[in-house]
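Heads up, the next two complexes both have subunit A, just with different partners, subunit B and then subunit C.
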Partner chain A sequence: MRRAQPSASRAPQVALVSRPPPSRAANLRAVLAGAAWLCAACGPARVIAPSPPSPLPPHHEQAIDTTPKQRPRMMPPEVYLRAYMMWFGGLAPLDVQARARGKQLFDAWDDYLAALGLPDYRLDLPRQTQTNSLMLAVFGRLGEALCVRAVEHDLHSPKTPLDQRVVFAFDPVAAPTAAQFAERFDVLHRGFLGYPARLAPADRTARYHALFDDVAHRHKGKNPLTPDETGWAAVCTALIQHPETGLY
Partner chain B sequence: MQRRMALRLLGGGVAALAARRPLWAAAAAATGPAAEHDYFVFIHAAGGWDVTLWADPRNERKGLVEPASTDNTDVAGLARWKGVALDGDTDTFAPLAASDSKLVLGPGIGALYDLRDRLTVINGLAMNTVSHPDGTMFSATGRHLAGGRAPASSIDVAIANELGADQLLPAVAIQFPSAFVGEHLDRRVIPLRVSSAATVAKSLSRSTAYLDTADRAAITAVLTDEASALAGRSVFPETYERIASQQRAQPRLIGGELEKAFTQKALQDAYPSFDYKSRSQSAGALSAAFALEAIRRNVVRSVGFALGGLDTHNQNYKQHARTLQELFGVIANLIAVLDATPHPTRTGRKLADHTHILVFSEFCRTPQINLSGGRDHYPNNSALVISPRFRGGLAFGKTDPEQLLPADAKTFADGPRPIAPPDLLATFLSAFGVPPAPYLRDGEVVPELLR
Partner chain C sequence: MRWPLLFLVMLAAAPDTRAERALPDYRYFRALSIDLLGRPPTRDELAAFEQPGFDFDAWISTHLGGTGYAERLRRVYMDLLRLEVGPSFQFVPNPLVLRRQEVRGPDGPIYVYYRRGQRRVNPSTDGELCLTEDDTGQEFPNNAAPIGIAHEVSQAVLDARTVVVKPWWLYADYRGATPADRNAPDWARRFPGFQLAPGLLVEPDGKTPTTEVRVCREEAQAVETGAVYASGRTGGKKGEPPPAGRTTQPPGDSGFARANKGRAVSCLSGTGFQNSVECGCGIGLERCMPGAGFVNEPPAFLLPTHTPLGGDAPFESTPQPAGAWERLWWGEEAKHFLDKILLEDRDFRELLTSRSTVVNGPLAQFYRFFAGATCCGGAADLGYSDPTPLVEPGAIPEALVPEDTATWLPVADRGPYASGILTMPIFLTKYGSRRARAHVAYSAFLCRDFVADAVRLAPSTEPDLTKRPGCSSCHQTLEPMAAYFTRVMESDWTFLPADRFPMSHPLCSRPKGQPGACKTIYDPAFTTLRGGYASQPHAEAGPAGLAAELTGSPEFASCVAENVAQSLLGRALVPEDAAWKAELAKRFVAGGYRMRALVRAILASPRYRDANDRRQR
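Let's look at the complex of A and B:
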């Protein structure tokens, strides 16, 4: 209810009379009118002619799951390369190339960028995200070259002191027994795989010892290296390509 | 209650096994023509080709189209250029149409015109891109790049996964845009990507000064045994198993025989009919020779390589027709050698009966000549298939006459639209009994292309 505001400038004042509340009859009329309107609105539904549903667009489920997984993956090639450079004396890439070349052991990095899985920006080739058999072959070639050079440096040259050896930091013995081999193999195993050989599966040392014996026996008197040195080169080559180095 | 739990576990285990069923096992169940004796050559015409010079010839000024003419093209050395007046003293070319073929082609087709009854031309491919990497991947995988990466495997990997995982080199890619993407693909088909055919021989080369072949075989045996032993102890054995399988391939790879066969000199001596001194396709000719030698030795299933020099934005467009002619010349010679070479495993059959070639580019070039005298990138494309499984002498798909943009090719399941790379790739896979759905999100088989 509003009241008129007093005004000094306006006369005579007219008093506003408050509206009386609606009677029950008026309320009833309003309710009936609303109900009648609602009834009119709820008449028979408009008939819509049925139509077949439009077909959904074709849908394929892609069976090959391309989402990333938290599972063991192949290592990118840079990891191999950095590992090789670190294992063989913290070499720079050009040092690796210089050390590995000669006697057809290796040639130039540029020849192998794509084969190693590295991007080749000259040809706009992207990096490879998975290793393949050709990549293993190239790393095998590089690894063999570096191992042979390390044997030449550490073992074949008698003047290299123990503390200046890069890989073979042990005193070699001719035709080592199983125990003698295990002691020296452990040095390589720690260096390349990062843990003692005794923690590896039990037959690993024996398997590598058999490889050593096999290669050394085959190379009696026909190599620039001695048979044992050739055997150690083979063990080194087989260790730096070990499957455990290919995972992270 | 315990019985219900046991049934649940059993059901879950069966479902998990079904879900983990590898695709290479599914391939055996795929219905369709057997293709285990077939070989595949995928060629990327790198740079973006001018389709008006070969697949979709235009020799009239209409709408945006400014045809190739003596004003913008060096016609010297173009074997199939037959001049007709365009205006004044300017000539354009007469389209190549033979009475025995429905195909109408442009002069860039070169020596491949003689094989017109074996060509399946797809025109009006809707590319929706003018980016080199994106168009390349769209053509090779049927998907546009996602975050700069291929979101699906390329056609050569799909074929190798289904039909060639047992080969020594299932998929070789010489500057070809191969992509290996996805779980449950056989890791043996990870493409061997190299920058040139000669790199393969270098990679397999070994010094004989220190270790010999027997030593390397012994080393490989140790590595294979170690990988197999680790697979037996591992929660996720797949990776070790794949390493073992890749190591197992090494003795055959580095045994010396392949290295000698794949050297540049050996390839050139074995296939002297290629033009290794070609102005634009010398590297491509060597790649084609590598493909032939690898197929002849039955060590590959698919070989992809690039033939390039087509990105001609400037005055270098004058050489575009010549580059196309050299490109198609390599393919024509490849087919000629396949025609003359016996199949390595099927007595009495030629290699050409079982070798299938798919040629694509990333897009085509603009119908108009730009201010520098060249043509830029354009979101239309054509492709070429040469395969006994495809209908020869056929051009499928079309472009509109004034804009050179893709026009509706047919009514697909989702309505009338132009054909697109996923449709072509799906059709290619289905031609060899490979179900496309596992490899391609999009695409519909076009039976009109198939025999």
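Let's look at the complex of A and C:
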């Protein structure tokens, strides 16, 4: 950035005049004034008596509605953790960590337990009762990792027998039609959200189908997983990151 | 043509095997699963829910009482009481911790286990490792690496100063004549969570499995009572260098030792450890904890860092000292005690009043052998050397071996001073001061808190906080409650019995020559036991008196209802909930203070059912 430089032509034109020397009386006045100022400065401090603060007058009054509000509860983090263990094959915490850790999809539980809202009684850290972005990011990331692992386990060649699949308990079809997708999507929807997709908002299945198609299309020939498998992993991830999954 | 058509119409109209459920039903079922099973419903459970004839009430009854329910309710009170202690509370009493030094034996490096402060007749080793610098070529300062060049210790010296023991941490049958049940892979199944630090399982070469340990001869003694030993020494002066060959001044005789030479003293007390050369770690070293090193807190066990899903589903384990092992089980005692009350649907007031508890192997070891180790310090000079336990060691089942983490046995009666969680080590150490103990009980069980008056604080010399301006508004309530803990030492479980500790002690009332314990146990400002000034009747009633006061308060049931309802609704109760809360409290009392009836009433309420009735997204 350029700075404006003062210009000689814009300098104020001040006439040089000679100032008369101060008189002795003026000097005396100045000395006395200074002494008086010094005396005042060195004197005892002025004591200000304490007084209780008076409340500020209200500008206006507003009624506060204290009636109970029905808001969705946050799933306790312990339940959330247990749900993850259940959804992804009844694994123990350290097994989940080991399974999700490959390919840098996840690191270690201990890095995240506080972010998930768990209390730490030893350190007197309280339980978090409201979600926060860090918490959602952690669970979302973990869910994404485990969804990919579940696709690998359930659908990727060689396919696991239907009764042993942990998440994708259906037979996938290539490039499913809307009806074929809806039938399979319902399996995931019921698993994660606990109710049939037909009871969800009307466009939910269609939107997830669009997501499936979009992801599958973008991953043609790019991934160790087939495009459809990648599509199902994306649908799984989107469901596990759905607000209804973590609220109840 | 008409009959087939009619048949098709009838077929189409036939009911689906799945009942038509609405979204709120599904959400209610999911909420119930989360709160009673601890997880969302499985596919199979959803399918069962969709069958005609599914009965919500019957389903709730079936699961109201399972482990998921108990864990859910336990969390409510664990969140309030936070009954776990971390490393900020160190538990490393010298009588309990066996540290070790590496020396050169005739066949190579070996470990020698010893206790800091162990009394020995030999003044060269009294209070230190039983091997001298002449024996080993090294000095072994506390909490630091050895100094000097090691030379071989002869077998004769080793045999004279040490013995070989098959310790409890390596043998589950250590009390037998020929222990053989050695720490093996199957221990992971038999004793889940009992994992020794790797260094305790191998010899100094890092490969040879440890099958027995060499320990100083005094530490291996097993008598329960020793004679008070007086060496005639007065102890070194501050700053004076230790005698040659020692790293510390040899211990001098305490006032207790001088006054009681030759008298019997319990080896299960810290006083016995400090004043007798005959007190050791007992059979199989069961009165001591191992440590893989010489530092203050050497690693001893691999312990889980977090167990939000319970001890059987740990999240990472790291080597931690023996003190962490004790802290872990103190916390587990409170959890299992709560679970027992909830699972058996016992009177919830027992949480505060019951003299019973449940213990496993590590807790049994603690109560039988360790609890007295912190007693009695300077109190011995006031005649207290044989501690009166808060928990009677004789009440603890002897059958539990220290490594048996999995077996939990009931203890019907811990003794006359026990009172629910209020006298458990976890509560007494988590809330170290008497006021902290009273405060948390007041908040968690009466749902009230201390809020100071908005008054100007003026300087005051008034020692009585119930009278001091600005303090009195809270302390008039707090101090008498804190007085219930007068006879339990702060940050400890040592009980101060009335026959040894009158409210005012004549030795502590004299102007000069008071024993040192007078300042720690008695309050100079009031010349009474610390904490007892506010209410001597409360001091004599003890923690059981506080339990009676809390559970007898009309606010107790209301507070339980509030705590549980708030947790299950996921929101704070507001004034509009007051009538409902009162009804819940009434039902709780009418049901004999059983938690199951209260929870059922909350789960069946529209407030719970509608708590997730949000608009669809």
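Criterion: the second predicted complex is superposed on the first by the 169 of 248 C-alpha atoms of A that agree within 3 Å, B and C clash if a C-alpha of one lies under 4 Å from a C-alpha of the other, contacts with A are read in each partner's own complex, and residues count from 1 in each chain.
Basically, a contact is a pair of C-beta atoms (placed from the backbone, for glycine too) under 8 Å apart; a residue touches a chain by one contact, two chains touch by 3 or more.
This one's a predicted model, so the numbers in the text were calculated from it and none came from an experiment.
With both structures placed on the common chain, the touch criterion links A:Arg29 to neither subunit B nor subunit C.
In the superposed pair of complexes, A:His217 makes contact with neither subunit B nor subunit C.
Once the two complexes are overlaid on the shared chain, A:Thr230 sits against subunit B while remaining clear of subunit C. Legend: residue contacts after superposition of the two complexes on their common chain; A:Ala169 is shown touching subunit C, with no touch to subunit B.
More residues of subunit A lie in touch with B than with the remaining chain of the pair subunit B and subunit C.
By the touch criterion defined above, A:Ser133 reaches subunit B but does not reach subunit C. Subunit A residues in contact with subunit B (one complex) as well as with subunit C (other complex) are 66, 69, 71-74, 113, 120, 123-124, 129, 201, 243-244, 247. Across the complex, subunit B is touched by residues 57-58, 60-66, 69, 71-74, 103-105, 107, 111-115, 117, 120, 123-125, 128-138, 140-141, 144-145, 148, 201, 203-204, 207-208, 211, 214-215, 218-219, 223-225, 230, 233-234, 237-238, 241-244, 246-247 of subunit A.
Note for the complex: subunit C touches subunit A at residues 22-23, 26-27, 29-31, 33-34, 38-43, 46, 71-72, 75, 78-79, 82-87, 305-306, 308-309, 313-316, 331, 456, 569-571, 574-577, 607, 610-614, 616-617.
Across the interface of their complex, subunit A is touched by residues 23, 26, 133, 151-153, 169, 175, 180-185, 187-188, 190-195, 199-200, 202-212, 214-216, 218-219, 222-223, 225-227, 229-230, 233-234, 236, 239-240, 243-244, 246-247, 249-250, 253-254, 413-414, 437-442, 444 of subunit B. Listed in rising order, the residues of subunit A touching subunit C in the complex are 50, 52, 66-79, 81-83, 85-86, 92-94, 97, 108-110, 113, 118-124, 126-127, 129, 169, 187, 190-192, 194-196, 199-201, 243-244, 247-248.
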